[in-house]
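Down below is the structure, laid out as structure tokens.
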Amino acid sequence: MRNVIVKNIARADAATIGLLGQLGVATVHEAQGRTGLMHPSLRPIYPSARAAGSAVTVSCQAGDNLMVHAAMDVVQPGDMLVVTTRSPSTDGMFGDLLAESCRAHGVAGLIVDAGVRDVAEISAMNFPVWSKAICAQGSVKATAGSVNIDVVCAGALVHPGDVIVADQDGVVVIPRESAQEIAQLGEARRQREERSRERLRAGELGLDMHGLRKLLSDLGVEWIEGPSG
Amino acid sequence: MRNVIVKNIARADAATIGLLGQLGVATVHEAQGRTGLMHPSLRPIYPSARAAGSAVTVSCQAGDNLMVHAAMDVVQPGDMLVVTTRSPSTDGMFGDLLAESCRAHGVAGLIVDAGVRDVAEISAMNFPVWSKAICAQGSVKATAGSVNIDVVCAGALVHPGDVIVADQDGVVVIPRESAQEIAQLGEARRQREERSRERLRAGELGLDMHGLRKLLSDLGVEWIEGPSG
Amino acid sequence: MRNVIVKNIARADAATIGLLGQLGVATVHEAQGRTGLMHPSLRPIYPSARAAGSAVTVSCQAGDNLMVHAAMDVVQPGDMLVVTTRSPSTDGMFGDLLAESCRAHGVAGLIVDAGVRDVAEISAMNFPVWSKAICAQGSVKATAGSVNIDVVCAGALVHPGDVIVADQDGVVVIPRESAQEIAQLGEARRQREERSRERLRAGELGLDMHGLRKLLSDLGVEWIEGPSG
Amino acid sequence: MRNVIVKNIARADAATIGLLGQLGVATVHEAQGRTGLMHPSLRPIYPSARAAGSAVTVSCQAGDNLMVHAAMDVVQPGDMLVVTTRSPSTDGMFGDLLAESCRAHGVAGLIVDAGVRDVAEISAMNFPVWSKAICAQGSVKATAGSVNIDVVCAGALVHPGDVIVADQDGVVVIPRESAQEIAQLGEARRQREERSRERLRAGELGLDMHGLRKLLSDLGVEWIEGPSG
Amino acid sequence: MRNVIVKNIARADAATIGLLGQLGVATVHEAQGRTGLMHPSLRPIYPSARAAGSAVTVSCQAGDNLMVHAAMDVVQPGDMLVVTTRSPSTDGMFGDLLAESCRAHGVAGLIVDAGVRDVAEISAMNFPVWSKAICAQGSVKATAGSVNIDVVCAGALVHPGDVIVADQDGVVVIPRESAQEIAQLGEARRQREERSRERLRAGELGLDMHGLRKLLSDLGVEWIEGPSG
Amino acid sequence: MRNVIVKNIARADAATIGLLGQLGVATVHEAQGRTGLMHPSLRPIYPSARAAGSAVTVSCQAGDNLMVHAAMDVVQPGDMLVVTTRSPSTDGMFGDLLAESCRAHGVAGLIVDAGVRDVAEISAMNFPVWSKAICAQGSVKATAGSVNIDVVCAGALVHPGDVIVADQDGVVVIPRESAQEIAQLGEARRQREERSRERLRAGELGLDMHGLRKLLSDLGVEWIEGPSG
């Protein structure tokens, strides 16, 4: 296998990325037909973490963050680092020094299907990170890997330049080519949900709003009075 | 298997439920002989979550929240939704729109042995939820299930109308018939603990307060000086 | 197997313990050659938890905290309780009453490779705890165990009197004999990191700061332009 | 909580139990509307394990098998022991001596939502056991519990006298009252499956046999040729 | 998202697939630079399971095997079914009737990142299956999905027509385009390993065979005599 | 941290090791007061695996088996390799070539708190291995570690030269100094168990054999007739 660092990638436009980020993971995931969601084992290191950006992908040996350093040479402001390891690991692939470097270069956030450390410091910097573990175990810088190749991260396929949206609900990947369309579908969905929200707030039931009473009846579900009826 | 929605259930009185909620999970669990605790994999979505109410139980196909909508038709203010799936799943069974509906109808909280999404919005509403996963994956509304039948949720048996108490320590089920007795036993326990607390705060040791020195000796535990003694 | 309570243990000096605590888990772990880290399943019960102290070790039957009470008889201000069970368990081995007792006797914190309960109350007291579960299930006080013997806690070997440092990144054990040396190595490391931080903040890349470009080249990693280059 | 040993329980008739056992877990689970399945973490200790019988339920303190011994006093030939612990545990609750005792008293098998040991010896005896762990850690005999009360085992509710069917596919509980009906439904299902099997063996597709082509079309699934079409 | 069934896919030649299968997972994984390995949670349902074939990929709703039936319409003798679900699930997606159908149509085996049932019957047929769970919970046939699109299965990206090799060591994916090259590299590796095997069998040490003594010395590893030296 | 290869270690005598191996894990674990058991996540790669020997301990970087090769230089016939990694990993640390080397040098078996590969070949050689994963992912040979230092393996402390006994029930460590005493205690226990076995086989109950009826009564457990009594 040839290891490469791809210097230039195509990115979605900033307005689209911004809109996707405002819509949030759940709405975007729905808008693209419930695809692209990473495994729920990825969690933000602090509750208010929220980010969106273009994926700069990093494929590393487990416990070796050499290629994360290499990726810093090709990031642009607004990018999201998406770091995977070639075998399962909880070792800390990223710490506060790399977070400083990310901040200096405008990186929007980090997704890592492994561990992270210095989380108190990184949280204080308000630099958002999603990881499957918090672990002080550090990394070496010794083994070749690649930057900006297709990777699988927490069960989702990520192409370099895909849009990543992450918040408390998890992490979703939007293929770059369809980002604009998904943003529009998502915005339409958000508006529909806003109208639903008003009706539900006023006390209307989902059963009535979605016309589900007939479905329940068709499925043979029976309404019975119960002991105190 | 017949699927039913039981419209009326017997509930414990509000004063008892209120007292059980103030006592909290650990004290109530002790008061009823260490029974009825759900599995610790259920966690609150925000640290200050705390709730108590009468169980309206919901049995769903995994990934299908049709019956949660059905349950909203039979809830009363102060009820707790207890949602289970018929096979293991982390899909999001509940989101912010359902939380709005719960708020509108006075539901006190949600226990779900599966996933939840829109947790930032639900936390901002201060609507308490305990789940085993946070996951943006949405649900369909297609398969029959039941409301207000006996269910097993996170390892605990719940009858409709049982009292649910939930806080940072987890979730406990109190059978409706014994709720009043358990509340009294719990209050007595709380008062005893308050007295113990004062003594411990003053520096008395548990060994002396509980008379455990003799037990240690009977068990053959030896006190030895150690290297620097 | 003989069960003992060792009354006196050798401890590191307070200044060394204080310095190790300021350095934090990640720096200390690096300073001692990446040894002594407990498994990342141990997590603090509240995000700002941070503590350091001398290990008073406790070996308990699962679900039985008799020996934790016994340990309270031998603790000194500044000690950390390190509690293990003889088989895997998530039962709550510690609650708010024991936390009051710890506070009264100056205990700095608790590490427990099992469960803890009353976490809202303990968090409000600002008493730091690291555990692998939060669980209301209480303990009995019936079975012999030992205090201040060598124990394995969450995969790490702990001798009585070893220094324990714990924060959001996890828990690390520093052998008492090498604590002073590790504190010095850690402080030197911290200062080096501070200088690195300044350079990274100014935009310098880790690739250049650590001289990694040649390594990438030696490893055969190729830089290529990419689709939009 | 009162602890009891219920000496007499109602049981299903032997012919029904025998038929359910022949049908196996998957067929019986289908026949009763996909209810009553235990969690897949329960696995047989040897591949050919297969058993059916009337549940004698045992509720134990974790790590304490006193009540398993008590249960031996009330078993009858053909019964299945169903052992649960009051908090999660992997300790070995059962070993070869208890297996000898079970054999002597005609017990058909053991379901335990905890650990088992002496599995080489128990396998050599051909005594079937389903457990969530294999673990040499032994039990004490010190704490009260109950025999023949309702229990939750691996997520399924079991009443004393319910029929338990277990094989390589897992463990399913059939309520005693419906056992005969479920056996008949299961037998009918088995015969239907036998006819399906012949048609599938002959090369007919499930798509055609179940009439699913129209459903695919209604769902909007498109058939496309593909690169080499 | 459009759901499709792609009828024709390109496949590697049978000789190459056969050779890859003989080489086995570990050798093939090495030969392609340690890429393409599925997560070790996938295990064979019987120890001697071993298979290789061209991937026919299936993307399903969790708990719904409609698309597995659709896939049977496009398989060719020698294909391997690779079944994924759109959210995590352990439900049984495949049973003995589908195994009969696979046998009738020459399918070489099944990889499923979910559950399987009827494992006694499927094992008796000697039809090889790798799954992450064994679970009697059945599937519905109700929701659209796709056949022969790119999928992520147990963490590995699979394109339709890629070669799948599976044995006791796990499951590996070989991109179709490089299958022939990997087979050759793998065969060369196998021959080198055969020569190594002979030398090791004769007592030569890996340290000497691989020239590692100097590396140990360069790394600063010291040889010391020890207590009984 | 200094990395060392300790060439000579003290070992228990062969007769003691042989007797401990015959007694098996469960009996030995009991004989030494239920200490020294490794975590049940370690499982044998084939059911009949059974071994005992003197521990040659190996501490490795995760994913790096250089030190396993180094250990082969100091093993003696009858030794057991005990391999740990410095952070959690499932990578395959051992394969069939190392198994050939072990066979050539008389190594009795392998305990590894990580992964193993080539399990079909190793099983065919009848070389016993206990691991926490089966995984084709291979190792590099690049990082320093140690041989024959104290290690923690799967939660148990192992000193070089301690006796390791492993079978289907798991893995137990017996400190070398107490091996002879534990073997005698274990043999006495085995004989007692043999007598118990005869009585249980004859139908006597554990309740009577261990005099537990009075204990049940003292604990307040009530015998009641039940519905069909």
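Brief remarks follow.
Per-chain residue numbering starts at 1, and chain names A, B, C, D, E and F are given in the order in which the chains are listed.
One rule holds for everything that comes next: a contact is a pair of C-beta atoms (placed from the backbone, for glycine too) under 8 Å apart; a residue touches a chain by one contact, two chains touch by 3 or more.
Because the structure is a prediction, the values reported are computed rather than measured.
Path length between chain B and chain C in the touching-chain graph (shortest route): 1. The minimum number of touch steps separating chain A from chain D is 2. Taken over every residue number at the interface, the positions common to chain E and chain F amount to under half, indicating a different-residue contact.
By residue number, over half of the touching pairs seen at A-C are also found at B-C, the match among C-F, B-C or B-D.
The distance from the centre of chain A to the centre of chain F, with each centre set as the mean of the Cα atoms, comes to 42 Å. Mean C-alpha position of chain D lies 30 Å from that of chain E.
Averaging C-alpha coordinates per chain places the centre of chain C 42 Å away from that of chain D. In chain D, the residues that touch at least two other chains are 34, 37, 40, 86-88, 90, 135, 137, 142-143.
All chain pairs that touch, listed by label, are A-B, A-C, A-E, A-F, B-C, B-D, B-E, C-D, C-F, D-E, D-F, E-F.
For chain F in complex with chain A, the touching residues are 61-63, 86-91, 135, 137, 140, 142-143. Within the complex formed with chain B, the residues of chain A that make contact are 24-26, 29-30, 34, 37, 40, 43, 47-48, 50, 167-170, 172, 193, 196-197, 200-203, 205-207, 210, 212, 215-216, 219-229. Against chain D, in their complex, chain E makes its touches with residues 2-10, 46, 66, 69-70, 72-73, 90, 92, 95-98, 100-101, 103-105, 115, 117-120, 123, 133-138, 141-146, 148, 160. The touching residues of chain A, when paired with chain E in their complex, are 1, 32-35, 37, 39-40, 86-88, 150, 152, 155-157.
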